[in-house]
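Labels for the chains are A, B, C and D, by order of writing; each one numbers its residues from 1.
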Amino acid sequence: MLRFVVRRLALMVPVLVGLSILLFVWIRALPGEPARSMLGQRATPEAIERINNLYGFNDPVLQQYFTYVGRLIRGDFGESTRNGDPVVSTFFDQFPATIELSFAALLFAIVLGIPLGYWAGRRVGGWLDNVIVSTSLLGVVTPVFFLAILLKLVFAEYLDWFPTSRRSDARIEATHITNFYVLDGLITREWDAAWDAIVHLILPGIALGTIPLAIIVRITRAAVADVMGEDYVRTAYSKGLDPAIIRNRHVMRNALLPVVTTIGLQTGLLLSGAVLTESVFEIGGIGRYLFEAISQRDYPVLQAYILFIALIFSIVNLLVDVSYGVIDPRVRVS
Amino acid sequence: MTMAPPLMSPSDPMLGVDPEHGTSLWRGAWRRLRRNPVAILGALLVLAFVLIAVFASALAPYAANSREWASEVTLTSVPGPREGNLLGIDRYGSDLYSQLLYGARQSLIIGVVSTLLGLVVGAMLGILAGGLGAKVDMVVMRIVDILLSIPSLLLAVSIVAVLGQNRYAVMIAIASAQVPVFARLLRGTMLSQARSDYVLAATSLGLRRRTIVMGHVLPNSLGPTIVQATLNLSTAVIEVAALSFLGLGESDPAVAEWGRMLVAAQDRFASSPQLALWPGLAIAVSALGFTLLGEALREALDPKGRR
Amino acid sequence: MTRKTLGTRHMIGLASAISLVALAGCAESSRDSGGGGDDDTTSPSDGADPSAGASGGTFIFAGSADPVTLDPFFASDGESFRPARQIFEGLVGTEPGTADPAPLLATEWETSEDGLSNTFQLQDGVTFHDGADFNGTAACWNFDRWYNTPPGVGQTEDQAYYWISLFKGFAKGELTDSVYESCTVDSETEITVKLTEPFAGFVAALSLPAFSMQSPDAIEQYGATGQDDPSQSAYATEHPTGTGPFVFESWVKEDQIVLTRNDDYWGEPALLEQVQIVPIAEPKARADALLAGEIDGFDLVGPADIPRLEDEGYQILNRPAFNVLYLGFNQAVKPLDDILVRQAIAHAIDKDAVISASMPEGTAPALEFVPETVEGYTEDVPTYEFDPEKAKDLLAEAGAEDLELEFNYPTDVTRPYMPSPGDTFNAIRSQLEAVGITVKPSADVWDPDYLDKISGSKDHGIHLLGWTGDYNDTDNFLGVFFGRKSSEWGFDNPELFQALNDARGLPTVEEQIPVYEEINRQVMEFLPGIPLASPVPSLGFAPNVKGYVPSPVQDEPWNLVSVEE
Amino acid sequence: MTDDTIGGRGVNAPDVVRRDLSTEALLTVRDLRVEFGKKGQRPTTAVDEVTFEIRRGEHLGIVGESGSGKSVTSLAIMGLLPATGVRVSGQIMFDGEDLLAASEKRMRDVRGRDIAMIFQDPMTSLNPVVTIGTQISEVIRGHRDMGKAEANERAVELLRKVAMPDPGRRMKEYPHQLSGGMRQRVLIAIALANEPQLLIADEPTTALDVTIQAQILEILKQVVADTGTALIMITHDLGVVAGLCDSVHVMYQGRVVESAQRRPLFAEPRHPYTGGLLASVPRLDSPRGQPLKPIPGSPTDVLPWTQGCAFTPRCANRIDTCTEKTPALKIEGQRALRCFNPLTLSSAGGATP
């Protein structure tokens, strides 16, 4: 297992190096310059020139790349060109917001998706199956931001059940340690702050979680339908076991294999969705920040963030493979 | 001890190459499709969508992007449904109903072109990877890995940033997100087909690799590809809207494009919800059509529902 | 010559601005009550006694973005200045509700005849939040700090924008040709600032938050050293220390800034116990948050949200417009270099229709490239009435009947002067098409693509752009637009460039006014673009918020604001 | 144990005189009929008119090709047919109780405790992600109030009984670590875990290597004999039946075509299908060079039973009557036969088992 992990981590290196080169070239191929973006309407040709000289944007791309790599090796990811914030610290300021949101979305998708998928998959073609599958399809075809806006309109504005935006209520005093607001509330025992953070996560979590929910429902359904037809399930039934044992030990433990992979594959999807959800709900996470970084040519932020994301993506995939081994003994040995 | 009598069903895979495998697969799929209400609903939605897109100019009471009633639109109010304007006026002063119909055309064109583009490029990568041996496979798949590790929407955003705001940029941006999907799919099916018994049989018959790939492997990869393409059409329709939401897309704000109409209606959601609801519904329904059809196709082509 | 107040000419505009203020509690200028004996405070008759408002409580205000830095010297954006207005004060403030300079930490000032020397009398008994005294030494320390900003990122327009654009240079570095010469401490309550050349806008410029007085002790303790980015020092993110009515408490990035009442404030102490500033990017989301009771007020109300808020009994306050939106012509593109074509377009445009389609109610059409509240504004400029027939004739005369124009506009942005660019584009496009011009829409994301295309390339046709003034200075409008050859306008008019350059060098505002009026006439004759309107930016408040006084330059200290139970 | 009140419907209770336990029927299947079909569609009959009984300790063989309905019959006894799309009628009396009328909860008690089943494919019949130990002990603990440790001990003992090498270690292993023969031993251990009164073995050796088949059969024979369990052996392999069963039922297309004690059946098959099956089995005692005679055609060449004898299309003995009416199962002495034109002794490839 350890060797497997190490090997996989080693395989990540060429991908990340390749990505860093590709990114570097690609980002610099974007028309428009960071200097213009930094200065906005106040830009004069002289001011742009001075910024380009100061930040080295005028140097040959290759030289810029080596400077960049040189700084990377010293652990320096640079500063945002927009506000001068060190990229790493901004990332750790914002990443918790996105993680929290993605976690809420996944939680929603998993907690609801697996039972729904199980019920649908137990009797494929039954009315319950039809209801569940068509509802989940509706979730897939509704644009994320449209769903987010609708949810906000109905549940935050008309019904006033949930807050309209942001991560926390400014009126509630909260101490922030990790920037995971729910966690912070729990650590500091500021229960009202923790609850407030949870309440703020519900609508965005649902909006972002709907597509993963639909996907998890469909995968679980297919997997359960498959497993239900397996001989070992028949064996389990022939043993006269408790239905809960059959469901958990014999059906779900096998059906979970493809589901786990699917959940792992949601990372990219969640991040794309986070760009939109964070915009609608005014959450200061990396999704929206990255979008702004692209539109404003924030080279250091783009380079570092996309690398971080690729790294996280790879690590999640690795975790998926490892968890595969935990669930499936056949993988564990080979 | 006695031997078992040779009781073997004709469907038994051990019987080896089934010459009619391909055609019977499609015939069976067609039979299953015709009987599947989901497929019929999906097909009807798609058909309606395509017909509206093709005959938009005949169906719509007014010209596209006419902005005929622009003078009646203020920053805070938009005329609602009334005589002559079934659904009211859009925020740029055109007939909302007509704009919705013309919007189908935009969505269809963007969806089809971007999916075809993604398919062609993705297929080329996938065939390179799946058909040309381990080294090529390794390199191509690493590239695909890299593409996959960038969130697709951000990739699309950066492509529009390079190519500027126009229809073609949007198409290429959406296609780019589809390339890795198709590449993986084709590579996967090609590799699994390549290991299958009938290819083994064909190889043992001394057929050339290219003949096998072109004659056997590709046709058999077709099913999953068509399924994926149908599903991607629905993603494309939604993705156009997402790009519009981020302010990227057609240059003309008044143009009949659902995503754009939906996004433009956002700030008037409270006062004129119809401006957002109709295009939102149009996006969802057309995407639903493609999704239903794609899902039904998937089930028809692979009745066991395995992936 | 001592100038404490400006002429009464502004009272008309001012009164109209104030009359828009729906608040009951916008009383006298808070800051003057501590001393100085000014008698020209502008209190509307319906003003209630501010102290009648509830004392204490929290006020939550939403801006559109997180600040970049809390050290205002290294900032140039409104969102960074918003907390700075509460924490810091400069030598010079503004008359409430106007852009005109007024005493603040300096009680009075005197400018020498040659305009090169300015003497400021300082407010006595003022302390910084860290307990240090504000006096002549501290004031000059601040001037010296600005002038001695070390070379590096701190010397770019990205950070020390206002210093560079107004004072031109530093002690060391690439830019050494400075307008600033020295600051001398005459006494604990008097300083003299010497300039190297006349600068009529000097005193008005000091009302910019960038030139706020900051605590020397705090900066020496927490400020940046060496090559470090001064805008991100510990001082600029965790310890901003000024003399204002509120004391910095905490800043959680992308979430909230918390300020608490300065109980030792030298002026009228704040009614509020605490204020919070939170970023909410979308105008509609800010309105939603206000309606849901999550915030008490917010800046930059989207025009479409105004009826919704008013219907629910929320207050909309309008800032006196201090901006201008224009349709620019790129004369590098034929036939826009033909004055007849430009005039034809001017006649084709119905400004009132454009305003009703895309700007908040109460927005007046613009006659020229400066708003009414700025020096040098005159109604006596050439105008081009809406007349499509005349437009067609002019086009025919110019031989441009089949005119096809690229029309650039930005997406994904709202600016105070451009609340809804897509709608503005659409309205103008329709009008242009009505006179037979073919319009080719070209949209770009505002920053940097659009700005890049308009100001950085020749590749554009007619375009929407505008400007919000920083302080009351005509050069801050006309000079920015037409002070030099630029790819935005694509023309070379040395005469105009020279006139603007000369006007800027005049030692006093009085001398400048007639010159700028003449330049305004000249510009409208030349017609480099069409000034469209000065849209009024609005603020939204909960019904129980009292005492907020909008200012055209956003000089809005919150010490008199209260939130009733 | 009999309980007339439960199985009251249709059971000729007065006939059941309390006799010696060994001669009393443990399981009686009467007129079993299983139909598959979705709502609104015409159902297809998988099993029809199946009647047989088995006494305690008896070994009964059900023989037929795939699709003959023998597995459906066994699933019907276990109550494992899907709940929807299937209609089961007739009667399955087990120990005096009609299983078809029993609740699902009651059936759970019966399954694995009173009736156990061994399935055909040991490769797929074990859950790949659960240890062998758990898969055995869960059936013990599911039916008895037994602690984990005790159940594990019992599981090891069971593994030892089915001649599993190193049973202690196997407990912690997963199915993929075991060979096919070992897995089938595990399945036998599972089936016998609660010493059921009836064991149904559905083709238990078909999927195994020929060399292993004999071993497994031997183990099965052994443990069944040790526990006195009644056994229903379902197979297409007459060779398996020959070595194991007391009586044999031959099924074709869902119906029993011939039933008899083992010896008479092998010695004198009367139904042409039985004869065909026997002729297609290679035999050590047949003369050299004599070719095997497979049954012509395939099981898909059928006539619906409603229109005549389903075997007609493949039958060498067919006469016109065969396609005119449906043959009934007639009892002739010790034998039941469903044929209009049965084989005579001379024409049948009779044999001694």
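As a working rule, a residue touches a chain if its C-beta (ideal position, glycine included) is under 8 Å from a C-beta of that chain, and two chains touch if they have at least 3 such contacts.
Model, not experiment: these values are computed from the prediction.
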| note | Two candidates, A-D and A-C; the one with more touching C-beta pairs is A-C
| note | Farthest chain from subunit D by C-alpha centroid distance is chain C
| request: Provide the C-alpha centroid distance between subunit A and subunit D, rounded to the nearest whole angstrom. | output: 54
| query | Where the CA atoms of subunit C average out and where those of subunit D average out, how many Å apart are those spots? | reply | 92
| remark: Chain-centre distance (mean CA atoms) for subunit A and subunit C, in whole Å, is 39
| query | What residues in subunit C touch two or more of the other chains? | reply | 412, 445, 449
| For subunit B, what residues touch not just one other chain but two or more? | 161, 164, 246, 266, 269-270
| Touch list for subunit C against partner subunit A, complex | 58, 60, 66, 68-69, 76, 152-153, 156-159, 161, 164-165, 174, 229, 231-232, 252-256, 276, 278-282, 285, 288-289, 291-292, 294-295, 412, 445, 447-449, 451-452, 455-456, 465, 467
| Contact residues on subunit B for subunit A in the complex? | 38, 142-143, 145-146, 148-154, 157-158, 161-162, 164, 234, 238, 241-242, 245-246, 259, 262, 266, 269-270, 276, 280, 283-285, 287-288, 291-292, 295, 304-307
| Complex interface listing, subunit D residues touching subunit A | 78, 80, 84, 107-113, 116-117, 119-121, 124-130, 134, 138-139, 142-143, 174, 176-177, 187, 190
| field | Residues of subunit A touching subunit C in the complex | value | 31-44, 47-48, 50-51, 54, 79, 82-86, 90, 93-94, 97, 152, 156-157, 160, 163-171, 176, 279-282, 284, 288, 295-297
| field | Partner subunit B, residues of subunit A touching it in the complex | value | 14-15, 18-19, 22, 26-27, 29-32, 124, 134, 137-138, 140-146, 149-150, 153, 157, 219, 222, 225-226, 258, 268-269, 271-273, 275-276, 279, 290-291, 294-295, 306, 309-310, 313-314
